[in-house]
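The first chain written gets the first letter, and so on, giving A, B, C, D, E and F; residue counts start at 1 in each chain.
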Amino acid sequence: MADKRFQPVSGMELPRFAGVPTFMRLPNVAKGDELYSLTEIGFVGIPWDGGTTNRPGARHGPRQVRDYSTMIRSTHPVSWVNPFELCNCSDLGDVSPNPSGLEDTLERVKTYYKQIKADNITPISVGGDHLTSLPVLRGLADKSAPLSMIHFDAHTDLFAGYFGGTKYTHGTPFRCAIEEGLLDPKRVVQIGIRGTMYDGDDIKWGRERGVTIITIDECMERGFKDVMAQARDIVGDTETYLSFDIDFIDPAFAPGTGTPEIGGPDTWTAQQYVRELAGVNVIAADLVEVSPPFDQSGNTSWVAASILFEILCIVAQARKGWEA
Amino acid sequence: MADKRFQPVSGMELPRFAGVPTFMRLPNVAKGDELYSLTEIGFVGIPWDGGTTNRPGARHGPRQVRDYSTMIRSTHPVSWVNPFELCNCSDLGDVSPNPSGLEDTLERVKTYYKQIKADNITPISVGGDHLTSLPVLRGLADKSAPLSMIHFDAHTDLFAGYFGGTKYTHGTPFRCAIEEGLLDPKRVVQIGIRGTMYDGDDIKWGRERGVTIITIDECMERGFKDVMAQARDIVGDTETYLSFDIDFIDPAFAPGTGTPEIGGPDTWTAQQYVRELAGVNVIAADLVEVSPPFDQSGNTSWVAASILFEILCIVAQARKGWEA
Amino acid sequence: MADKRFQPVSGMELPRFAGVPTFMRLPNVAKGDELYSLTEIGFVGIPWDGGTTNRPGARHGPRQVRDYSTMIRSTHPVSWVNPFELCNCSDLGDVSPNPSGLEDTLERVKTYYKQIKADNITPISVGGDHLTSLPVLRGLADKSAPLSMIHFDAHTDLFAGYFGGTKYTHGTPFRCAIEEGLLDPKRVVQIGIRGTMYDGDDIKWGRERGVTIITIDECMERGFKDVMAQARDIVGDTETYLSFDIDFIDPAFAPGTGTPEIGGPDTWTAQQYVRELAGVNVIAADLVEVSPPFDQSGNTSWVAASILFEILCIVAQARKGWEA
Amino acid sequence: MADKRFQPVSGMELPRFAGVPTFMRLPNVAKGDELYSLTEIGFVGIPWDGGTTNRPGARHGPRQVRDYSTMIRSTHPVSWVNPFELCNCSDLGDVSPNPSGLEDTLERVKTYYKQIKADNITPISVGGDHLTSLPVLRGLADKSAPLSMIHFDAHTDLFAGYFGGTKYTHGTPFRCAIEEGLLDPKRVVQIGIRGTMYDGDDIKWGRERGVTIITIDECMERGFKDVMAQARDIVGDTETYLSFDIDFIDPAFAPGTGTPEIGGPDTWTAQQYVRELAGVNVIAADLVEVSPPFDQSGNTSWVAASILFEILCIVAQARKGWEA
Amino acid sequence: MADKRFQPVSGMELPRFAGVPTFMRLPNVAKGDELYSLTEIGFVGIPWDGGTTNRPGARHGPRQVRDYSTMIRSTHPVSWVNPFELCNCSDLGDVSPNPSGLEDTLERVKTYYKQIKADNITPISVGGDHLTSLPVLRGLADKSAPLSMIHFDAHTDLFAGYFGGTKYTHGTPFRCAIEEGLLDPKRVVQIGIRGTMYDGDDIKWGRERGVTIITIDECMERGFKDVMAQARDIVGDTETYLSFDIDFIDPAFAPGTGTPEIGGPDTWTAQQYVRELAGVNVIAADLVEVSPPFDQSGNTSWVAASILFEILCIVAQARKGWEA
Amino acid sequence: MADKRFQPVSGMELPRFAGVPTFMRLPNVAKGDELYSLTEIGFVGIPWDGGTTNRPGARHGPRQVRDYSTMIRSTHPVSWVNPFELCNCSDLGDVSPNPSGLEDTLERVKTYYKQIKADNITPISVGGDHLTSLPVLRGLADKSAPLSMIHFDAHTDLFAGYFGGTKYTHGTPFRCAIEEGLLDPKRVVQIGIRGTMYDGDDIKWGRERGVTIITIDECMERGFKDVMAQARDIVGDTETYLSFDIDFIDPAFAPGTGTPEIGGPDTWTAQQYVRELAGVNVIAADLVEVSPPFDQSGNTSWVAASILFEILCIVAQARKGWEA
């Protein structure tokens, strides 16, 4: 069982709306703290939206997701897994970004994650826009051992560039990651792709390199079990990065995001997609593109926090080698 | 046919946004009025949220549900039942609560419902938080004749207590009611249960006593017809209390509630669940946990009013012994 | 391929939030402009809600839908059709309404559409409330050649009148259009009908005249493919008007409307309904009842813009005789 | 002292958020009720915005103002006057409007107010848009005895017509009333006028006929005491109509209105303006242009309810001949 | 100069929206921590609204005020005082409340503040509703040495009870405190009182006991300098409690509160009132009644955070004996 | 008189909510159009917020300000000036920005304004964040003829850099402009400065170079007439840039901005400040920092549009040499 000091504060003892909000009411630890060295899974905020080509605000994501995550309890309602019993989990705070410095921020995040990796902490990152996934991957992966990826999103994020040649935006991270050898495209699965297209070059480029792109229509026709069986098959037991863009979910459920696309799955279905990752060797995960300024009710952050708990259960079990 | 004086004002005559808002534009009658003594079904507001452990605001529920209920018309779109033709329905106003007096309020509500029962009025209550169901049950039931219950909710509300021993909160009413002998646990069905758990003790406690707890995953797998056939089977023709927590419905559809849980049914499905109560001997009903301060658009109250109409059709037919 | 001057501005060149917002970033052309005479499909706003019996605000619809429509890209994600390559499309601006003159506005709109028809432009209208469909039909149709109609809506809009005899409201346009001989009721299909009823006279009146009215329950049971096969069968290859009331879609997805009804389809399903119009001879279309004052998040306008793109693809292919 | 049955429900007994909301928690009485015949001051809602040339929604005004008015207590904080002790006050409900019938509605309202006058009830009307003042005046005044008027507003509402000749809009009522001989322009004072102008013809027309138009800049320079001394001087002891457009107040304080103009007075100053009506022979009053759909927080309705209480104190004292 | 470890994180280093939000980005310390024993001024949240008779939500106040307080910088713009240089300041977290236990919560808070006093920490409390001031005073004061108080509020909070005898609500704390001998009424000054009255008994009761009650009208007439000179004169150099109810400020500036009253001061004036406390021996302070559910924009919490900084500067200088 | 083709569409002819929204309903013209060469005053949007260190969203400013500006009429209420009669005014559209390219955007804007200057158009720019003022100045000014500036703002924007050396943010533009010789600091006046400070280095740096910095407290004490007399004195008849940050105005009136500071002027006072620019040789102006995502009601954009009209009147008169 995990260290008692890593147990989240219970809503039975301190009401959920009380206290300084950390991710899931976990201890907020910093490099150098005693608890840091004992941490197995660390939540990290990346409050930055400098790669956003459309509606901004994802820089406010980590703060609001922390707030709503204090409504999460400790035990999974289907599996009855308590991830806080499996692993020592903590809130590592935010990577310090530079709101007006794109390259600077990419460097800061990469450096941070190299350290996380060196410290043997499994990170669950909370964005921030989707460009943040690129420096995370730069910190965690390298050409000698490209990662697999299962990616839930309305968009492929495989574009070549925007606005006459800007390479780094939230629409390009995975093309960069593939080109940099951080991901093996043949072990990349993208699920939920939809929405009007510029010209489809992103999809064509991806498929040519072996990326498996499953559109929302395919998802609806085949169902989550079949889709995820294929995804599990593709990544096998390789080290797999999990990237969850909140716009995967329909904007009626998660309106607070930069580039919503209608016609997405509801939250129950989204939960099933994550639960079907059982057995996958997830070595890091992120949840990105929560934009609180476009989320007046806060529902998006509550959805995000709830999905983060699903992800945490997967990550914790993966960290323990899916023993249970 | 019902008394003409009980017919709701038609939107064809007075626009829906006009007039003093009563539940479904029914006459607002008080004990002592001529129409009171003729009332068969009475809507009652219980504007109180003193049992709320999380986000408050359900005290504002009855007012806003009244407002939105003026958009309801008179006839059911599937059954073509007009409940206002079947029974004399009225708005009995609100039970006067004490916002800062928990025990006092429990007593006031119980007393009120004892009178309602004595006056042979079938009550449809609009909360208020879920703790209000307890004094309603205390007013309507007793140990000699415990009621059955069909309960739609994301939560069991079967907890033992909160915050170091507080027995009365909106998470505990049905444990209390079972312990007090007001409900027969073997004839209690809870549908839609989901969300992260403290430790599952509520579920274990309930199941040990015979409560049928059907999780959302079971609902999704079996479908509403199968689930409700089981529910009807369990309660048989016994006197049955219907409790509908608005958080049964997914928060994309009904965000204005204190403790939302993602992954719930949509409103069409929720309507089917209520319609499947056809034939059940419902002798009282409530709809609770609408919290307008968390419902900027007002959609939750519109959902609540629409579900209340479904409930009214069931209650009116039950009051008439399901003759039609 | 379409004239280059009709290509919408790409979000890859000018960010989606930039520039004066026209429908889908098309050129804003006026009668007399060179581009007007080349226009094949014209978007027209009808910012008027004088027929609204309940919550107003649809007068603000065209402006906000224009705003959100700048997030639409050029190519359909399933068919890979680019409607802007098929036809010269433009934004013709708004018909000038008289907010305090009902008959005056009906006359203005009719006159405008007679001209549109004379100019051989296929109109896609954006309301405005549903009464605007009546003068559009008066401009486009006549007794000698009544149109067919496929109509997505929660309501039939077949009422005889309101408030003691007012004939023209947003609840009456299609009864008027049938009575005036503009629509052939035997070739009218209404899909998605639901919600509490006054007394069902609208439905009875319609069915007596041969209108095919498919309720939401029938939709849910049969599925969109079966329903739409019937609809296509009914209209055959006749000239067909397409009317899409945003309240067809569930209010969780499209809350910003005057008379929401719960229990409607989600947006993915709504998209499928429109896509199933493939092959139908749609000669004009409208999308109505978007009311921005009841749509704080803007989601409704985004849904509307996304559905408009689906409609545009159908209309453009129909204009080209479904060659592709 | 007033009849006990006319005392509003105290917030000390029933919490302010409880109960069916009537204006200031007064009894809701109808023509024919016993209390109707005893009523001296009657609140009347006019839920209609058919004259609105810009942003609609004032039809929802009476409902939301009723809701917020339940937070009003009984006694004035400066004068310690309790108007409910001075006069029998009640909520007479709403005049039934025709949302799609302009002339019809004007007739309905006029007829209603002729009856009110015949019944010797002093009306306080709650709009609705400002065009509603015209039929009210038609009901209360006639050429043989034109009324005086003190009018708080950002706009003169003295326009000749809109949209190519539409005479009746919310920008024209007082020009109509003067032309119809219902108001004596030499005894009309307009206070707070501001905002960009079409061409100033409304102001020129008014001044030529003797209307005293005091702009906001003059208000700011002279102060409320001086301005109101002049106003009192102009109307003397003649029968005076009081018209209060909520857009008189700055939109930071009262955003929920159809045509806001920045640079207006704050609420404290607005209260002083009304209080300076002491001694004026106010025989009827209205408060108009509250548009809840543009008032997400509800603050505008709270401001309106608070100003209505100030107006009520003036009206009650005037009804009693300013005896106290 | 203060200990470096107590310096708030600068927005120049970590953007204001980043990081776990504590009050003013101060260290979050708990009893037992090394920094706790060095703390001179401690921010304490009291997330509880069990005494609220009207609109709830103040339980969410501490969390949202923390969030907005991260936009506060370190130095006062008029005095150029940096309070973080004067004193060791920290965020002590929240007192754990019992949302459904009124007496229990009063006891918990009292006990907490007895300890704070014993630890020689000057507390700045963030509510929570105004009833929380009572147990704070019980913890800090006793009959042998009643405190003085300067109290900014729209209401006196001197009521005897509500709802038929409930003694403890947010309308009664200072009557209780005076009756319990915790405050010396002759050294209590209440500033900004306004709004409709029940019957004025609260004011009469207070004035009879020597409380100085200054209404908003008196404030407006005399100006803040004159009013505060009197206030300073009354409390002299005695130990003074400062209580700031956010509803002192006009609801256009601070809408998120339970019982707003129009006609209050703007924020600039409110700042001046606090600044005029220079030289007063403030030994503890609170800011209460921020209710985020009624504050969609978050402005109220930003106002609260900004006023808290003004209060902190006063408290820090008072703690240092107004040396500077 | 101005060319008829430049007259804005009147709300008397086309309702204010109708039509494609351009700034003040002016013609939308592009370089190369016939009307471009006749334009004397051009509104330009700069939809970019890449320099924002705190809350983003100013990229959405031009779009929403255009929307609200359609409520502006043609004539000034105090001076009766009609700027559209004085000068040919048009909407030049937006400068195309690069959301993820800071240096690229600075270059694009500078290039655009060099052309504007070459074309002898007086620009009124609508941001966008305040960093956009820097490239505008780079386009319009040079070292040989530094401009004067009157600057309304809560902040000096004279910082040296952020986040460890980032030179270009919205907190630094005027330090850059002074260092680059684009502004003569001795002829720069900053009005309304307030809010907590980092350490005051910005103010010290400015004052050392001769910038006149007038804090809000000085404004309140001296009044707008005295402050502006000084400002006019400082700039004399030199070419003057006018920069208006919407956060100059109190956030109760203009909440939608990135870094609000309480205690600012109301809108009436803000209008007076601009009107006191009469006689100043304003050769270009901007209004910046409107952030619609933080402006749910839209009020901020309405304030901005109203202030833009005040600015336009000043600019038009200045362009005509203050002949009138």
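By our rule, a contact is a pair of C-beta atoms (placed from the backbone, for glycine too) under 8 Å apart; a residue touches a chain by one contact, two chains touch by 3 or more.
Since this is a predicted model, take the numbers as computed values, not measurements.
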{"item": "Interface composition of copies subunit B and subunit C: same or different, split at half", "value": "different"}
{"item": "Averaged-CA centre spacing for the pair subunit B and subunit A, given as whole angstrom", "value": "39"}
{"item": "Interchain centroid distance [CA atoms averaged], subunit B/subunit F, Å", "value": "56"}
{"item": "Subunit A, residues touching no fewer than two other chains", "value": "13, 15, 17, 53, 55, 59-60, 96, 99, 162-164, 250, 252, 266, 294, 296"}
{"item": "All pairs of touching chains, each written as two labels joined by a dash", "value": "A-B, A-C, A-E, A-F, B-C, B-D, B-E, C-D, C-F, D-E, D-F, E-F"}
{"item": "Contacting residues of subunit C [partner subunit B, same complex]", "value": "53-55, 162-164, 193-200, 215-217, 220, 250-252, 255, 259-264, 266, 294-296"}
{"item": "Of subunit B, residues touching subunit C in the complex", "value": "10-13, 15-17, 71-78, 80, 82, 250, 252-253, 266-268, 271, 296-297, 299, 302-303, 306, 309"}
{"item": "Residues of subunit F that touch subunit C when the two form their complex", "value": "13-15, 17-22, 28, 45, 47, 59-60, 62-63, 66-67, 91, 93-94, 96-97, 99, 296"}
{"item": "Subunit E-touching residues of subunit B, taken from the complex the two chains share", "value": "49-53, 55-57, 59-60, 98-102, 104, 162-164, 166, 168-169, 293-294, 296"}
